[in-house]
Amino acid sequence: MLSQSPARLAAWILLSPALLFVAVFFLLPVVALLLESFHVGQTYGLNNYLAFFADDFNREVYWRTLWISLLVTLVSALVCYPAAYAVLKINPRWRGLIIGLIILPLMTSPVARTYTWLVVLGREGIVNKSLIETGLLQEPLRILFTEWAVFIGLLQLMMPLMLLSLVSAMENLPKDVVPAARSLGASEGQVFWRVILPLTREGLVVGGTLVFTGCVTAYVTPALLGGPRVTMLATLLYQKAGVTVDYAAAAVISVVMLLTTLLVNFLLRGRAAKTARAA
Amino acid sequence: QQRTLTVSGFGLNQNLIDKNITRPFEARCNCKIVWEVGNNADRLAKLAARKDNPNVDVALLGDYFAQLAANQGLLERLDTSKLSNLNELYDFAKNPLGGNFAVAFTTYAISIAYRTDKITTPITSWRDLWRPELKGRIALPNITTTQGPPVVWLVNRAFGGTDTNVNPGFERLSALKANVVTYYNQSAQLAGLFAQEEVWAAPVGRFAWGNLLATGKPLAWARLSEGQAGVSNVAVLVKGSRNQELAYQFIDFIISREVQTAQANDLVDSPVNRNVRVSADKAAQLTYGLQQIASLRTVDPDYIIKVRDAWIQRWNREVAR
Amino acid sequence: MNMSDFLSLENLTLAYAKGTAAVEGLHLGVAEGELVSLLGPSGCGKTTTMRAIAGLLVPRAGVVQLAGQNITHLPTNKRDIGMVFQSYALFPHLSTFENVAFGLRLRRVEKSELEHRVMEALRTVGLADFAERLPAQLSGGQQQRVALARAFVIRPRLLLLDEPLSNLDAKLRLEMRAELRRIQRELGITMLYVTHDQGEALALSDRIVIMRLGRIEQMGTPEEVYAKPKTSFVAHFMGWDNLYPLETIAGVVGLPASTGYTHASWRPEAVLTGSGDLQGRVLARTYQGESVEYLLESPFGSVKAVVAVEQAQWHEGQTLNFALPAEKAALLKG
Amino acid sequence: MNMSDFLSLENLTLAYAKGTAAVEGLHLGVAEGELVSLLGPSGCGKTTTMRAIAGLLVPRAGVVQLAGQNITHLPTNKRDIGMVFQSYALFPHLSTFENVAFGLRLRRVEKSELEHRVMEALRTVGLADFAERLPAQLSGGQQQRVALARAFVIRPRLLLLDEPLSNLDAKLRLEMRAELRRIQRELGITMLYVTHDQGEALALSDRIVIMRLGRIEQMGTPEEVYAKPKTSFVAHFMGWDNLYPLETIAGVVGLPASTGYTHASWRPEAVLTGSGDLQGRVLARTYQGESVEYLLESPFGSVKAVVAVEQAQWHEGQTLNFALPAEKAALLKG
Amino acid sequence: MRESRFPIVMLGLALLFLVGPFVVVFISAFSGDRTLAFPPSSFSLQWFAKVLTVEAFQASFVTSLWLGVLSTLLALLMGIPVAYALARYQVPGAEVIRVILTSPLILPALMVGLALLRYFVLIGNNSISIGLLIGHTALLLPYAVRVVSASLANLPRDIEDAAMSLGANRLQTFFRVVLPNIRGGVAAASVLAFITSFNQVPVSLFLTGPGVSTLPIQMLLYMEYTYDPTIAALSTLLILFSILFVLLTERLLGISKYV
């Protein structure tokens, strides 16, 4: 380590290209867009936001986006907790394969992934066909172009993120706490509720944030599986910017999206911090 | 260095268009054509966005979208003397927007395509879309598509509305929700929807017919008692284009007899060149011949432009949810 | 196996997955209140044996009996066997108090009794003032004591300790060693103690079990295994550093050559220096405070001798006379 | 400071960022070829001092001189000072050979000489056969020897070793200790050796520097600091476990009470048992193999006594006579 | 030691849900029918042949490839120094820097694409290709920083001190000691970054123009126009490509640690 100031200089030399790049090419346009959302005539104000939320179609889109995203987050947490626990307990020999199967969807084009649901969920799709063949259904269910199709598509898109977060949280469980709890008399269920759950809460928060943010901002899935009947914030944003050339509205939607994800992120973190402090 | 002509087109049947237009033209002009494809609304938005710095030379648009573009000052007036094939066109195609902003290269009827095996009583009226048996089985063009406003207009008429009173149309369309699977943004999506059995009937432009037939499903083109509406697609020259000479050559090329014949035979576009001759069974699949064209009720682009924004609002609020 | 054994392992064979056995045909009995150490080098199967006793590993063969009951297939949480881990394995999200209370809460111990027992246990380990701290706010030694309190507060029938002191520094290790012994005496609890530190085993145990490659090599009181090793392995492990094949050394020091033994060994402290008819050159001289350790070069191999500092007059390179007294030799098999 | 010192630290004050000083006003001279140990508890500033000598930390005040040259502000890579780290710090991507060759390559040593010198160094540490192995394929002791070879192959003017043996297990630590001493003798290299293990310092050093809270507490030969501690801190550190305030003990054992000293101390080995006019009750008896350690309770505090195993006839709870011989006491200040 | 089967069952269901649909697409891709239906009534390789002949796919595949490679390179070139500086120097405001550099991950990607289109391309009058490259690079930068940081965290500082004590200056230390030891992390970052770019939709959505389009965008477009199993075949190819990547990278780099 050289004396303090040359070290600091070196640090800044290393940091500045990336900082400049992000600031100039990235933050500048984004900030301009943020400002534009407040732009009313020659002055600034909240009019664009008021106008956006005054339209009950937009409100409906917003609520739909919110509840579908929350539902996906919730369901993926419920499914992934036991699943992640299983990943840890499974024979290490299979572990690699299973992790591979979890990452595979993440590494596959979301377009291809969403496309698969068009094939699977259609009225002639495998789901309906097998339900009818087994006699569980008379008439094929209409799933495509409903909110449920979007829900299913997003769930598949986002679940690996939750699963991986939880698996890594569980992998980082301190050594031997599970056998310790067992030796103190805890059944498997008690080990889960009393030790594993509280110690993996951070992973849940990370996974939840990733999933929720991903859902709110996803474009391909609602566009393909929902269609115009199931407009979400992202598809609405595209419509405003790409079709009706209403940049102010598009900017408003961007900001609403951003604030929503930040808010949920903040709430989740706050909860985690509170429970950590309480403990 | 090779010259490049950028053309904004619909993208439907692009492989056939490449065969009939792109490759022959490239061979002839020793240039390269770059296509930008998308629906009318999308592409119009892009033209508008790049008004000061256009990157498209020729745009192929629906007639009222072209009118919108002209109104926004995005188009160059055509010097028709540079179009040697212009005189072969039907008269209505020569200057469809007035002011020499455009040349029509095809015209088509809008009607209802439907599954003959599922719908045994033939569809003969717009009103038939409200049949209970079609519950969850029809697709409507989204309001932002080219066919959207004409369909609203036609339905409104069918239920007794007028150009000044569109309430009957919107009220009925709102009541149609239960029958609608989805609102399509591209005519091309319909082929998929029909193929996957999501949809049994849908209003659509004739240009998509070939595409629909390719699904192999038993389909019929409804003969509507209210008559069919006609819409034209036009070619326009984008203001500020730096390849005007090539652009004229291109427009002239797509209205030539040979191209129009090839496109007609592949069921891509119905011809507007009066010298085109096709066999009777092809003709049956197209909007072909002066007689048939004359029977179409043309939708006035100016009217649509006037009401479009209000309709979009109303549609979003009352229909598409 | 002795009928009165409190814990008995009979013919225990343990293996991981499809691997070869980590422990094979182990027999061991522990009397009630006894503290038995498992001593052996890394990988000899100490932890594996513990895990089987705790029920964390199903034996491939053999029986585990506790207080006369066959517990071989009883789930861990029904065994009432406390465990203390090298890593402490405290619950990081729970306070000291809650860590210790964990097992009692699972047993639905009534509130006032629970508080009483937890605080009693914390007092025993000297941590009554630290009840509200989180593990991260405790030093290593304190954490280890919490782990201990957590394990014995449930009044387990048996306490298993797997190298509980090895993460502590030398000074603290000595202190905790004494502490542990005190607590064991105080509570009269039966303990099985795993370590690879011979000093620890000698200082703590009623009995030491020396393991090697999954089998028991020798078993006995600390005095027995220290003073009377039976094999080269045990001798080496117990610091009998001067170890020679009997055929080489028998003639030199006047031991009978063929008696069924293979090696003879002397502790460095047993080597006589300054007299005797053997000669060695000083290779290295290491000052140790009270004593000096000499490394001597001799015709039959190197010899380590420890000499009280007052008599340590030789320097590196010098030659001195020494003797390996026959009566201080340990005779070893294998 | 002695003019002939090879390395000299003058009034060195060291601090991290804006914190308080970790080392303050340190004076130290090391002669050429000498091996000096820095001994002290964790956090006393040993590593910090090393880093300043190596040029990895700029002193807040003071001067570092090497061979008469002021090197206080010379960059690390120009100092020609070798370092050996507790963590070995081998380059994981390079073979043993390339690790050792690293410094020579930077010095553009010509190929055949480079090979010669690297192999020579590897032979010195006994690793000539391991030249092609990667660090991950070596045991801890072997890795430490590579680190050593890598440091001395560049023929540094000074070698700094920061707890080089503390990651090794007990047996290996003893072996490497001897090895290190041998190599130092062989190469005649000047070394500064950091440790917190008193046994290591005693065994290895020409001189020991005992540090406490960033300052030097006592400095001297191993015999001096072991046998003649000057302060309670040094006494405690050197195993003078029986430490009493002089006013308490002076009357009891017959020492003069007010002589400017504050404490008196006896080593456990110096306590006489079985006779004497003091009485103590055995609190704990710890078997140590050669000896037994007794913890006695006496009127003036607890007493630790080490007794040869043959004489260790007392058991816990018994009372015995003992004496603290005045002539074996160390008198301490502070 | 009978353990509850519930977790394993949930894992099985989750995996079925995650990977099952891929199987359907695999089978559809080999359809001999003219349109997409499941199960196909006959089998053929025609759709794979078709994928190779669609010009839009060829061109956009090349674009995506270049875009992925260039943006990955740029992101690494800027990201590695950042990761190093943050790991090795006490930089005042390190937290703020971290937030700034990860902001591309936090902001909705559509917003990013829109902002770049509006201000960089339309108002700033720069070419779409550059805008695309910038958008992707910014998006990949956080991955590069994060993954490289993780592998730097595992690299003991001591070895850099050791290198300097042996006579290496800072640059020599970086190139001879640091870089070779984080190459695993750098490779993982490259793979992750490339895949992310290659699959990216929202940023690219706004940043396409005549002649400039990425493969995912072309797939979206194609799906709007045609309903034949071409996309199934292309998806199958992409999935196989992913499997290959997953196998390779998981084996070589254990990439799941960084996702």
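When the chains are written out, they are named A, B, C, D and E in that same order, and each has its own residue count from 1.
Keep this in mind: contacts are C-beta pairs under 8 Å (C-beta built on N, C-alpha and C of every residue); 3 or more make two chains touch, one makes a residue touch a chain.
Keep in mind that what you see is a predicted model, and the values were worked out from it rather than measured.
Chemist: If each hop has to land on a touching chain, what is the smallest number of hops from chain A to chain E?
Modeler: Contact-graph shortest path, chain A to chain E, evaluates to 1.
Chemist: So which one's got more C-beta contacts, A-B or A-C?
Modeler: By the number of C-beta pairs in contact, the winner is A-C.
Chemist: Would you kindly say which chain has the C-alpha centre located farthest from the C-alpha centre of chain A?
Modeler: Taking each chain's C-alpha mean as its centre, the farthest from chain A is D.
Chemist: Please work out the Cα centroid separation of chain A and chain D, and write it as a whole number of Å.
Modeler: Taking the average C-alpha coordinate of chain A and of chain D, the gap between them is 55 Å.
Chemist: How big is the gap, in whole Å, between where the Cα atoms of chain A centre and where those of chain C centre?
Modeler: 52
Chemist: Could you please state the distance in Å, as a whole number, between where the Cα atoms of chain B are centred and where those of chain D are centred?
Modeler: The separation of the two C-alpha centroids amounts to 90 Å.
Chemist: Need the CA-centroid distance for the pair chain B / chain E, whole Å please.
Modeler: Comparing mean C-alpha positions, chain E is 38 Å from chain B.
Chemist: Where in chain C do residues touch two or more of the other chains?
Modeler: Those would be 55, 75-76.
Chemist: For chain A, jot down the residues that touch at least 2 other chains.
Modeler: Only 118, 124-125, 241-242 qualify.
Chemist: For chain B, which residues are shared contacts with two or more other chains?
Modeler: 46, 49, 185, 192, 196
Chemist: Using the touch definition up top, name the residues of chain E that touch chain B in the complex.
Modeler: For this pair, the touching residues of chain E are 34-37, 54-56, 117, 122, 125, 209-211, 221, 223-227.
Chemist: Using the touch rule from the top, collect the residues of chain D that touch chain E in their complex.
Modeler: So the residues of chain D touching chain E come out as 17, 51, 54-56, 75-83, 85, 87, 89-94, 102-103, 106-107, 147, 150-151, 154, 160.
Chemist: In the complex of these two chains, what residues of chain A are touching chain E?
Modeler: 7-8, 10-15, 17-19, 21-23, 25-30, 32-33, 36, 79-80, 82-83, 85-87, 89-90, 96, 98-113, 115-120, 124-126, 129, 155-156, 159-161, 163-164, 167-168, 188-189, 213, 216-217, 219-220, 223-224, 234, 237-238, 241-242, 247, 250-251, 254, 257-258, 261-262
Chemist: In the complex of these two chains, what residues of chain D are touching chain C?
Modeler: 42, 170, 177-178, 181-182, 197-199, 202-203, 222-223, 226, 238-239, 267, 269, 284, 286-290, 295
Chemist: Inside the complex, what are the residues of chain B that reach chain A?
Modeler: Interface residues on the chain B side: 41-42, 45-46, 48-49, 136, 142, 144, 180-185, 192, 196-198, 312, 316-317, 320-321.
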